[in-house]
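In the two complexes below, chain A is the common chain; its partner is chain B in one and chain C in the other.
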Partner chain A sequence: MKKGYPRFFLLPGLLLLIAIIIFPLLFTIRVTFSSWNVSQSGLNFIGGENWGEMVRDTRYWSSLLRLFYLSFLTVAIQYVLGFAIALFAWKGIAARRFYRVLWLIPMMTTPSLMAIIWRSIFTEDIGALNGLLTRVGLDPVNWLTESGPANVAITIAEVWQWTPFMFLILLAGLLSLPKEPFMAAAIDGASAWKTFARVTFPMMAPISIGAIMIRLIDASKIFDSVFTLTRGGPGNATETPAAYIFQRSLQDFQIAYGSTLALMYLILAILTLTIIGKVFARLSKPRGI
Partner chain B sequence: MFTKKVKTLLAIALPIALAASVVVIAPASAGGTLTRTPGQEVSYAAYGAEYANVATTADGDDACSWYETSKKDYSGKTLRVLTHAIPNMGKPTALHAKQFEELTGGKVEVEHVSFGDLYAKQLRSYQTDTNQYDVVFNGSYQIGDFHSYYAKVPDSVTKGKGSLATLTPLYKELYKWDGETKLFGIDADRHFLKYRTDVYENAAAKAFYKSKTGKELAPPKTWKEYNLHAKTFNGYKAAGQPAGLKFSGTTEITQKGGLMFGAFIDRVAPYAKNPNVKGGFWFDENMVPQVNNPGFVAGLTDFIEATKYMPVGGKNFDLSKEIESFGRGDSLLSYTWDDAWSKSNEPTSPIKNKVKAAPLPGAEKVWNRVTKKWDTPKGGVNYAPYIAWGWSSAVTAASPAKAMAFDYLCFWANKANHKLDLTIGDMGVNPSRTEDFTSDFWVKEMNWGKPAVDSWLGTMQNYEKNTNRVFDLRVPGVSDYMTAMENAVAKALAGQATPQKALDEAAKEWKAITKRVGITKVKSAYQNVIALEDNIS
Partner chain C sequence: MAKITLSNIGHSYNKDKDQSTWALKPLDMVWESGKTYALLGPSGCGKTTILNTISGLVTPHQGRLLFDDQDVTDVPTAQRNIAQVFQFPTIYRSMSVFENLSFPLVCRGWKPEKIKARVHEIAEILEITDKLGRSAVKLGADEKQLISLGRGLVRDDVSALLMDEPLTVIDPQSKFELRKKIKAINKINNLTVIYVTHDQYEAMTFADELLVMSFGEVIQRGTPEQLFEKPNSKYVGNFIGSPAMNFLPVEAKSSEIYFGSTKLKTSSAHTAVTGKAIEVGIRPEYVSLVTGTGENVIEAELLGHDDLGSVRVLKCVSGGFPISVKIQRNEGLPAGKNLFLKLPSEKSWLYQDGHLA
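After this line comes the complex of A and B, so read on.
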């Protein structure tokens, strides 16, 4: 009795886990073997039909490929910009506190609201950006109706919104670095670039990996900007898995098929991010140790 | 003795008569705070600055007039309403909810959601048996999915002095399912052509067109002509063009998810709806999808070509953008719903009295799915107007407050409210009743130009009589079918697939949807559509 007593205290947490993670997950798995759709609700059994359909669904796989490109590209840009701004804010600049708050504003704004603002900027007929381009004598760009510019528009919106997150994490990392290695580098006469390349960047590697991983996890769910800016268009040129799953599940009401897509999406995300995490961990290990 | 008797009689009768007269002449106010008298002027002015310039009208004598509604007492009762976002349909729903509350003392909770969510939220409520709404608003084409969840509209509404008694015969049929009225018809839509008279009735523009094409200029009779006009006048300096605004050929709905499927149906209908082929426009007798037949492909090919003559951003226009763009004077031509027409006739419109209406263009050939050949239409042009879905509403069968719900809808659509709602462009209410089709109302009360009004009313009356019409695919899963079709069209418009390849993908998807929903179920529901298409009463 005494032995089991402490376990009793785990029960509330376990029940919560079952209620909000384990049950929904098991239920979703069960739903994928049914034909729950707009006109047939409930859990009948149709075997692996939805899984077979998913394998043949080229639109789904294209959206996954697009997601890889979008998430890696946006996170890479966010990292570079975030690091640059963090370095800028790290070194004593005038009104440092003011800038720190200013740079955080995009991240504190509701993503869907931000996407609406970006849409009003990119809107081709009355948008601010095309207005600006025509004022300086350039042709308006089809920001939302041509594949290339539409992807650029989404990238800009994503980078703008989430670079502050990188900035915040990396600035915290920079502020926590020990002073001694920098002093040693200064005594050795290292240039600013060498100090960055040999001291700052390597020491920031673990923090960078953490920040990149968190952002990659978040970026793998890109939805707000895509849905608001382009609805996945033109055609399917900017459609991400989240947007596609949303359409199948909640607009077409193909609950079973949408669940199948979502489950596969989850499996792939876990696998991919685990592999990336391992690769990063190996890369960040100091050599020769 | 006699005097005493008379006195006693008078003593009893007078107070009764007095009380009775008070009941008859006193303003009615059963449960609400607002009192009304018969025929009293109805004005929206008290409901916000946006209604300050809206006309006023006398209360009607219908069963759900303001006066009759004020006699009801719904104190302590609540109605849950699901409607579209403001303004289109959301605005009148909220306005009439407030008025209904003031008149009856009841509470009306209105939930505004996007168009996609209207469908999803309803479905979720029905499939999970949670019964979240008493009144729902929807697109009438969704009747195939929802009819079993809706309560039958009482005869008191559809007959006699009911709000829907004067709906035109076509729309009375559209709101029925298997002979029963299931939808509360608050609107009626059809797609038609809108064209700028400062070009089509302008001598210089006519001469310009002749010099460019060698042809006489008249409103386009075919979609090929439509595209030619759009191309010729794209960038032209129209006589009445608002200053600083570039003139384009055409404004259309092109955005996936922005009701673009409606525009696509307009363009393919005359190529694919053959008056000599009965038994199905969307499917053949064996439920083989027709969405990729050469008629559909021809319509899509024209649609793609037209994107070259659209205003900047025109390849991403949803319905609201189409309304805004044509309404401000961006282009020569437009089509689809009535709203852009209303917008261009508003007092502040820069193109007021410069727009006329005409039936949708036709096609110089029409596909025969039986002979697998193109037919040459009688008279040279095949017309096949799309009688597009409009806004409708319903009371849910599981609602515990059906009487209150029907009273609310009946009030919503009473004669006075209907008349005033018609005058406000963004309400989403369009002519649907016989009395709406008289030019007097529009010319005298709305101050619209008579030639324009005549062209518009003539077009709508033409549609009432036309026997080669296309209707929505009112079957279970209609949203899936339309989404699949729209997705294919979007791919073709974006140049990601040829029209044939894109529509082949749609046909494949349609087969999968039919299989998923159940071929028997879809086929059975489709018979209701065929009855409309083939004019089987």
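After this line comes the complex of A and C, so read on.
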């Protein structure tokens, strides 16, 4: 076979990669140096104006901070809950198959249906949750119209929707673990807690890291729950970067500025997730040299 | 150390009512304190089931298990004080060698200084002191198996050490070293050891007593010499020894035994056998080459030979039946094809329907 001939076969894949990833990315970078908006379309050159504006845009940075808190908190809760449920299912609770299907329903729910379910629960005047609170003698909470409770509402909805994903991945991980270390732990006299802490949990580390990273990547794009429940409100109290970028790019039609925000968001997401990945890899390294 | 008693213990993994299909058919057995036993048999014969029943990893379908006359059938594994080494090296992947060895002691709430001293003591015996700081997962299979063994030895409350084919995945050279080490450790600790293997050499060099199993039953129990010299069945005769025991079909005629037209004397009482399916069993090691006819001498034709290191196995046929003869290699090969084989009566036994008469 001629030298270089095999590379020829890579060409369709490479061209596709260029067409769907490299070109849009380069184009977006170029757009950020233009003033493309609703009244001026096209690629003019205005230097780093958009970038300067972005640095001064406190609404953007506070949405990023909110995302940081929302994604880490929701993924952490999802992981703990998902792991706990997976452990129960793994240990063989009755009607395991039924529960497995039941737990998957939230994940399969469309955002619009999720909005109906959660809005009916959180709506302040006729919502189920406030009805329950009133019945037990507590004051009703402004779940969707007050900053703190609105963030709690989004956290609950996110946890409800995505805990099953964690459950599914972690259960698959638990089912694939070898039996011998558990037999050895029983022989060594390990209690249930020690077995979990020293055997199950470390063995699950690679699967846990995988599941957490997938969820973090996904959670960094939190949009649908925010959009359907609060539309970023009250004010901007629940607005995430994805919601803000959507607002500026596709509703205000500030394409260039929206692109700048999106690009910065991409850079920060890659950096943060890379650092988190490295930290996890270090933490899960076996002890000893 | 503990005396282990199996009282009518039987187990079926599919909870079958028909006992003939059970993985372990009901048996009564006593394992004396401080002795080394080897469970020998082909795969699927119930060896591991016995071991896991003793350690509590399997709850027997029926019967009771006693440690020093105390019923432990329903006692959880963690409280049985059993050490078990599995076929595949089992280590805690996230821990260092030191942490692996100290884990059973951490579980028992030992103080750190005491743990450190004890782990170093065991590491010294196992000759892995220089590896204590290393990551267990990075070690070779033989070293990992030493750690599995070490986790059992590190405890001071072990009733019995159960080993389930611990050398299967070890390469031959390391196997020899590890076997030597295990023997030395047993000598120091004087534990009740039950060793599962399908390697007869391992069993014979290792154990005070052997138990040969087949289809969930113990076929014969005895010292390695007893099982080699006087197997109680053709199964044991074939399983123990290499090459397997020779079995020649014979006829019983008025208290006398004939192989073809040759009268044979054996160590069994000839009056004990009647009817058909009678055979004379003799180890290839005890058949000798002679120059002419005589008492207990049969004629045979040499078909070929296998050289096995310092010994040589002659493959012969007599009266249409195969017979192996084990000789020293330095004796050289016989000159011709027609041989005279002497079957010493004191080493020949009669078998009827596959069992010692």
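Assume the second predicted complex is superposed on the first by the 282 of 289 C-alpha atoms of A that agree within 3 Å, B and C clash if a C-alpha of one lies under 4 Å from a C-alpha of the other, contacts with A are read in each partner's own complex, and residues count from 1 in each chain.
The rule is short, and it goes like this: a contact is a pair of C-beta atoms (placed from the backbone, for glycine too) under 8 Å apart; a residue touches a chain by one contact, two chains touch by 3 or more.
In this text the structure is predicted, and so the values were computed from the model without any measurement.
Colleague: Using the touch criterion from the header, give the chain among chain B and chain C with more contacted residues in chain A.
Modeller: B
Colleague: By the touch definition at the top of the document, which applies to A:P202: first (chain B), second (chain C), both, or neither?
Modeller: second
Colleague: Scan A:N37 for contacts with chain B and chain C and give back first, second, both or neither.
Modeller: After superposition on chain A, A:N37 lies in contact with chain B alone.
Colleague: Could you say whether A:M54 touches chain B, chain C, both of them, or neither, answering first, second, both or neither?
Modeller: In the superposition, A:M54 touches no partner, neither chain B nor chain C.
Colleague: Go through the superposed model and pick first if A:R231 touches only chain B, second if only chain C, both, or neither.
Modeller: A:R231: touches chain B, not chain C.
Colleague: Which holds for A:E180: it touches chain B only (first), chain C only (second), both, or neither?
Modeller: Only chain C; A:E180 stays clear of chain B.
Colleague: For A:T145 in the superposed arrangement: first (chain B), second (chain C), both or neither?
Modeller: Only chain B is touched by A:T145; chain C is not.
Colleague: Identify the overlap between the chain B-contacting and the chain C-contacting residues of chain A.
Modeller: Shared contact residues on chain A (touching chain B in one complex, chain C in the other): none at all.
Colleague: So in the complex, the part of chain A that touches chain B is made up of which residues?
Modeller: Going by the criterion above, the answer is residues 35, 37-41, 53, 123-127, 130, 140, 142, 144-147, 231-237, 247, 250-254.
Colleague: In the complex formed with chain A, which residues of chain C make contact?
Modeller: Against chain A, the touching part of chain C is residues 55-57, 76-79, 81-84, 86, 88, 90-99, 103-104, 106-108, 133-138, 148, 151-152, 155.
Colleague: If you look only at chain A, which of its residues touch chain C in the complex?
Modeller: Those in contact with chain C are residues 180-181, 183-191, 194, 198-199, 202-203, 205, 284, 286-289.
Colleague: For the complex, give me every residue of chain B touching chain A.
Modeller: For chain B paired with chain A, touching residues are 116, 119-120, 123, 127-128, 145, 255-258, 311-316, 321, 325, 330, 476-477, 479-480, 483, 487, 490-497, 512, 516-518, 521.
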